[in-house]
Amino acid sequence: MNTLSPGNAVLMCRTGWFATLWQEMAERLQLKPEFIETDWRRGADVPAIAEALSRDRSHRIKAVCVVHNETSTGCTSRIDEVRAAIDAAGHPALLMVDTISSLASIDYKHDAWQVDVTVAGSQKGLMLPPGLSFNAVSPKALAAAEQAKLPRSYWDWRPMLAANETGFFPYTPATNLLYALDTAVKLLLEEGLENVFSRHDRFAEATRRAVRAWGLEIQCLDPRHYSSSLTAVRMPPGHSADGLRATILGQSNMSLGNGLGPLRDQVFRIGHLGDLGPLSLIGTLGGVEMGLRAAGVPHKPGGVQSAIDFLAGNA
Amino acid sequence: MNTLSPGNAVLMCRTGWFATLWQEMAERLQLKPEFIETDWRRGADVPAIAEALSRDRSHRIKAVCVVHNETSTGCTSRIDEVRAAIDAAGHPALLMVDTISSLASIDYKHDAWQVDVTVAGSQKGLMLPPGLSFNAVSPKALAAAEQAKLPRSYWDWRPMLAANETGFFPYTPATNLLYALDTAVKLLLEEGLENVFSRHDRFAEATRRAVRAWGLEIQCLDPRHYSSSLTAVRMPPGHSADGLRATILGQSNMSLGNGLGPLRDQVFRIGHLGDLGPLSLIGTLGGVEMGLRAAGVPHKPGGVQSAIDFLAGNA
Amino acid sequence: MNTLSPGNAVLMCRTGWFATLWQEMAERLQLKPEFIETDWRRGADVPAIAEALSRDRSHRIKAVCVVHNETSTGCTSRIDEVRAAIDAAGHPALLMVDTISSLASIDYKHDAWQVDVTVAGSQKGLMLPPGLSFNAVSPKALAAAEQAKLPRSYWDWRPMLAANETGFFPYTPATNLLYALDTAVKLLLEEGLENVFSRHDRFAEATRRAVRAWGLEIQCLDPRHYSSSLTAVRMPPGHSADGLRATILGQSNMSLGNGLGPLRDQVFRIGHLGDLGPLSLIGTLGGVEMGLRAAGVPHKPGGVQSAIDFLAGNA
Amino acid sequence: MNTLSPGNAVLMCRTGWFATLWQEMAERLQLKPEFIETDWRRGADVPAIAEALSRDRSHRIKAVCVVHNETSTGCTSRIDEVRAAIDAAGHPALLMVDTISSLASIDYKHDAWQVDVTVAGSQKGLMLPPGLSFNAVSPKALAAAEQAKLPRSYWDWRPMLAANETGFFPYTPATNLLYALDTAVKLLLEEGLENVFSRHDRFAEATRRAVRAWGLEIQCLDPRHYSSSLTAVRMPPGHSADGLRATILGQSNMSLGNGLGPLRDQVFRIGHLGDLGPLSLIGTLGGVEMGLRAAGVPHKPGGVQSAIDFLAGNA
C-alpha cells in the first residue's frame, strides 16, 4: 500500500498457500504480480529470482516479495540469499518480507539483510492473541512511499510515524494488546533471542526425528529450508490428513493444522513455535502418534521416543 | 474503500474534529470531499445538504458522509432528516454514517433510515477494548462495490462476506474480542436496547443540568442535537480547559476528554456512555465540580446536587 | 486458642455485634467471658475496663479483648487508652485486638501499644478477596502459648512459626491470595501508610458531613471514636433501614451494610475503606441521597454537596 | 473437633506421611491415637483394624480414621473393606476418612460406605486453588457432635449448618473460590463422574506401564491399592530422588513430588489427577524419562512409548 503504484510489477515466489494469498492481494491492489513457481516443498527459488531480475533491464519490477516462513509447507526461505541475488543483479527493487510465522521464532535480520518492508503479526512467535500487526521499514522504502500512488489512509505510514514521535497513534490502538506485547517482549529478552531461536531449532529437529521414525515424509525437501516454526507432514498415499486430524481432535482434544490449497487433505502441520516447552512438544507428538494408530495410518511406532532421545541429549 | 473510485466527489459536513478527519481520509484516498461548514456547535446542516444535492444535477456527488455523534463537540446529527433530504432531492448518492461513539448508546436505525454504509467500533457503547470495527452495508452499497475502482484488499467486503458465510474470516481475526463482543451483546440485550438508550438520555440530561447549575455553557447549541454519549463544556473566557483537566487528573485520577482542533483548551468533554451507572455518573460530576473549585474556575456550586435531584426523580 | 485454657476468664467490651460474636466464640471455647456493656454508640469503655482490672486482685482475668473498629456501629476503640488502663492497673492480662475492619485503613500500632495478639483478615483494608487471616503475636503471648491448655491443631502457632522460618506452611496455603497480598502491600506502601490513613480520615469526615446535612444521626456519639472505615447512620423513627437499603439496591445497584442485632432495621452502614477514591465516595453518597428521596425518608437535600465542599477543600 | 472429647482413643493406620500428620493432629487435640503400622507400600491394613476393634470390648475406640488416598505413597485404602470390618466387629466407632487427594478423582461413596465424617479440599481433584475444605457428615456423627467435649468455634458444624439453611455462612467465606467451585462441579458433571474416574484409572495404568518399562519399582506393592491420583516411584539404590527432581525442574520446568518422612530422597511422585488430558500425561512422562537420562539414573528407555501404546489402545 505504501511503496507502490497501480500497475507496478512485483516479483513473488509461490512457495505455498500464504505466498499465493499475496498474489490475490497484489491483484486486488491493481499491481502486476509475476510468480516464480515452486513445488511447495522448499523455500523461495533464489536462482530463479536472480534470473528474473537480471532479465529485467528496464527495472519494471518494483519489489521482490518473499514469505520468510511459509506456514502452509514448513519451508523457510533464505532471505540472506534473496538479498544477495538482488544485490548481484544490481536491481533497485524493494525487498519485502512476510515474517508472520517466523518473527521471534526463527532468526531474522531486517537491518543486516537490508529488507525494505518487513510485515509481522502478534499471534505467532510473539505469543499474543491476534489483533496487532507490525511494519519495519527501511529509509529506501520511506523514500518510495513519497512517490507511491496507491490510495491509502488507515495503512499510510506517514501519520503513524508522525503520531508515534510523541508516543501516540493516529487512530485508537488495540491498547490491551500493547500491554501484552510489552510483557511478551520482556519474556523474549529474558530468555535471550539466541536461546529462543535455538529452542525452536531443537524442537523442530525433535519433531522431524519423530516423523522419520514413524516412516512418514516431511513436506520440506531441502534441509536448508526446514522451518523451526512448524513441520508439515505428508500422509501415505490413500490416507486422509483431515481424517487423521479429526481423529486426533476427538481423541486428544488437539487441533493440528490442515493442508491448504493443493495440499488439502495431503498434509497435516505440527506447530512448534512460541510459548512452548519440551514437555508440551512431547505431548503434541504423543497425540500425533496415538492418532496415527487410532486412524489406522500405516506407520512405525517410536516417533515420540526418538524425539525424547534427541531432546534428552540436547535439552 | 469499497464503494467509490478515485476522483469521486463526496459531500461531508464539518460538524467537528472527527468529521474533519474524514476529510483527511477522503483526500488520502484520492476522493474529492466537499465540505459544508458548521460552527461546531450543532449537528449536520440538513438544509445545506439538501441544497447541495439539489444543485448537483449531474450526480457528481457519490456519497453523503455524516458523523452520527460528533465526539469532539457532543452534537448528534439527525440521520433521519439527512435521509429525508436525500430522498427529497431524488439524489442517488450513498449515505454513509460513522457511528463510532453512538452505536449501542443512542438509537440508530440502519435499515429504517436506509443508510448504505454504517461504520462502528468496539471501544465505546459496546463496552469493549479497542480492536474491532464493523460495517453494516446496504444492497445498494454492495452493488456500488462491484463498480468501485479504489484498490483494496484487507478492507474488501467481498472475501469477508464469502468467508463469513461459513463462519470464517479471510484473515486471522482478533478472537479474544469476538468472545468479549458476544458477552457485550448479551448484556445489552438483557438490559433491553430501549432501556439502554433511555439510560443514556437520562445521564446526558443530568450532566447538562449540572453544567447549567455551574453556570457553564454547553458546547452544543441546539437541544435537538444534544448528544447522549458525551457532553462538551465550554470554559469561561480566559480559563484553560487543559489546565482544569490536569487539575482533575491529579486531584481525582479522572481523565476528561480534551478540546480538539479549534476547540483546543476551550472545552472539556464528559463521557457518559457505555458501562455506566448513576453512581459513577455522580462521581464523575463530583470530580468535575471539585476540579472547578481547585482550579479557580468561576462557577456556582451545586451542579452535582442538580444532577442528583434530576436522577432521583427519574432513575 | 493459643494462649488460654478452658475456664479462663476474659474481659470483653460489648461495643456492638462483632464484639458479641467474640462472646459466642469464647463460650464455645469454654472460656468465661465477662462483658462490659455499652450503648453500642461508642468504643470500648476504658474506665470500666480499668475498674474491672483493678477489682481483679487475683488476676483471674487472663485477657482483655477489644474490637478495634466495630463494624456494626462505626465506632473505633482507643487501643492506646486500653493499653494505658491495663498498665495503670498493673494487671498481667494479655491484650487481644480484632483489627479485621481497621487494619490498613486506620492507624494501628501493634508494637507501640504492646498488643499481645492482633487478629486481621484479608477482605477489608487489604483490598483482597476473603480467605486469609493474620495473627501478630507478642513474646508475652508466645510465652503464654507454652502453658495454654486449649486443644488446638490447625490454629496452633508453633508449627506455623516453625514452617515459616524456611518460607513454608504446615498446611497447603491459599496461594493465589498470597500473590494478591504481595500486590496489595505494594500498593499500600506506594501510597504510604500515612497517606492511606489520612485518606480514610478525610473520606469519613466527608461522609459524616453528608449525614449531618441530610439531618440524619450518626450512630457513633463520641467524635473521638468516629470510625474512618465506615459510618453507621440511624434512620428517623418509624422508617425502615432495610427498606431504604432495598430501594437503593434496586435504584442504584449499591448494597449498603445492614443493622445487626439490636440495631436491625434501625441503621444502615456506609463503608468507605480500602480501594476507594473520592469519586467513588461521592457516587456512594449520591446513591444514598437518591435512595432517601425515593424511599420517602425525611431528610434535607445537599448531603453530597456538603461532602464535595469538604473534599474540594481537602482532597 | 466436632465428634470427640479430650482423652478419646482413635484408631489410625499409618499408611504414610499424611496419615502420620493425623497422629500429630490427634495428639495436639488431646486425643489418644493408636496406630496400626504398615510398610508404607499399601493401603490401610484391614485385618489389623478388624482385630483391634474386636479386642476393644469396652468400645474405648471412638473413631477409625483412614486416609483414602495416601499422597505420600500412591496407595489407596479400601474404605469399603474398612467399613465391612467395623460392621463385622459390631463396633460403634465412627468412620472418618480423609479424601483430600481422592475426591473427584477416585470413586468414593460417602453414603454407601456409611462414612461418618469425610474431609476434602479444593486443591486436588476439584481443580481449584487451595483455600476451601469440606466436611460430609453422617447423622451418627451429628449425634456424636452433641455430646463431644472438644472446645471448638470456627470448626463447629452447628453454626455452619444453621447458617447454610438460608444460604449463608457464619463467617465471611472465600467467595471467589465458591464461584470457582461452581464451575468445577459443572465441568465434572459434564464429563460424567464415571468418565472422570475411568480417565484417572487409565492415566494411572499408563504411568505404571511407563515406570515398569523404565525398570523402576512402584512404591505401592498391592495392585488392589494402586492409586489413580498419583504414582510414587522408587529410585534404584544409591540414587537420589531429590537430585532427579532438581534435574527435571531445571531441564523441563516440571516439579515432581518429593519423598516424605522415611521415604525422603527415595521416591519421587508423579501426579496424574484433576484437569489433565492424555497429552499432558505423555509430556509429564517424557519429562521424567529425559530427567532419568540426564541425571544418569539406570533405566531402560521406552517408558513413554509404553504409555502411548497403552493409551492409544484405550484412550
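Order of writing sets the labels: A, B, C and D. Residues in every chain begin at 1.
Here is the rule we use: a contact is a pair of C-beta atoms (placed from the backbone, for glycine too) under 8 Å apart; a residue touches a chain by one contact, two chains touch by 3 or more.
Since we're looking at a predicted model, the values are computed, not measured.
For chain A, the chain whose average C-alpha position is most distant is C. Averaged Cα coordinates give chain A a centre that lies 40 Å from the centre of chain B. With centres taken as mean Cα positions, chain C sits 60 Å from chain A. Note: centroid distance chain A to chain D, computed from Cα atoms, is 48 Å. Along chain A, no residue makes contact with two or more other chains.
Judged by the touch criterion defined above, the protein chains form a single closed ring in which each chain touches exactly two others. Contact residues on chain D toward chain A in their complex (touch as defined above): 251-254, 277-284, 286-287, 289-290, 293-294, 301-302, 304-305, 308-309, 311-313, 315. On the side of chain B, the complex with chain A involves touching residues 6, 24-25, 28-30, 121, 123, 129-131, 150-156, 172-177.
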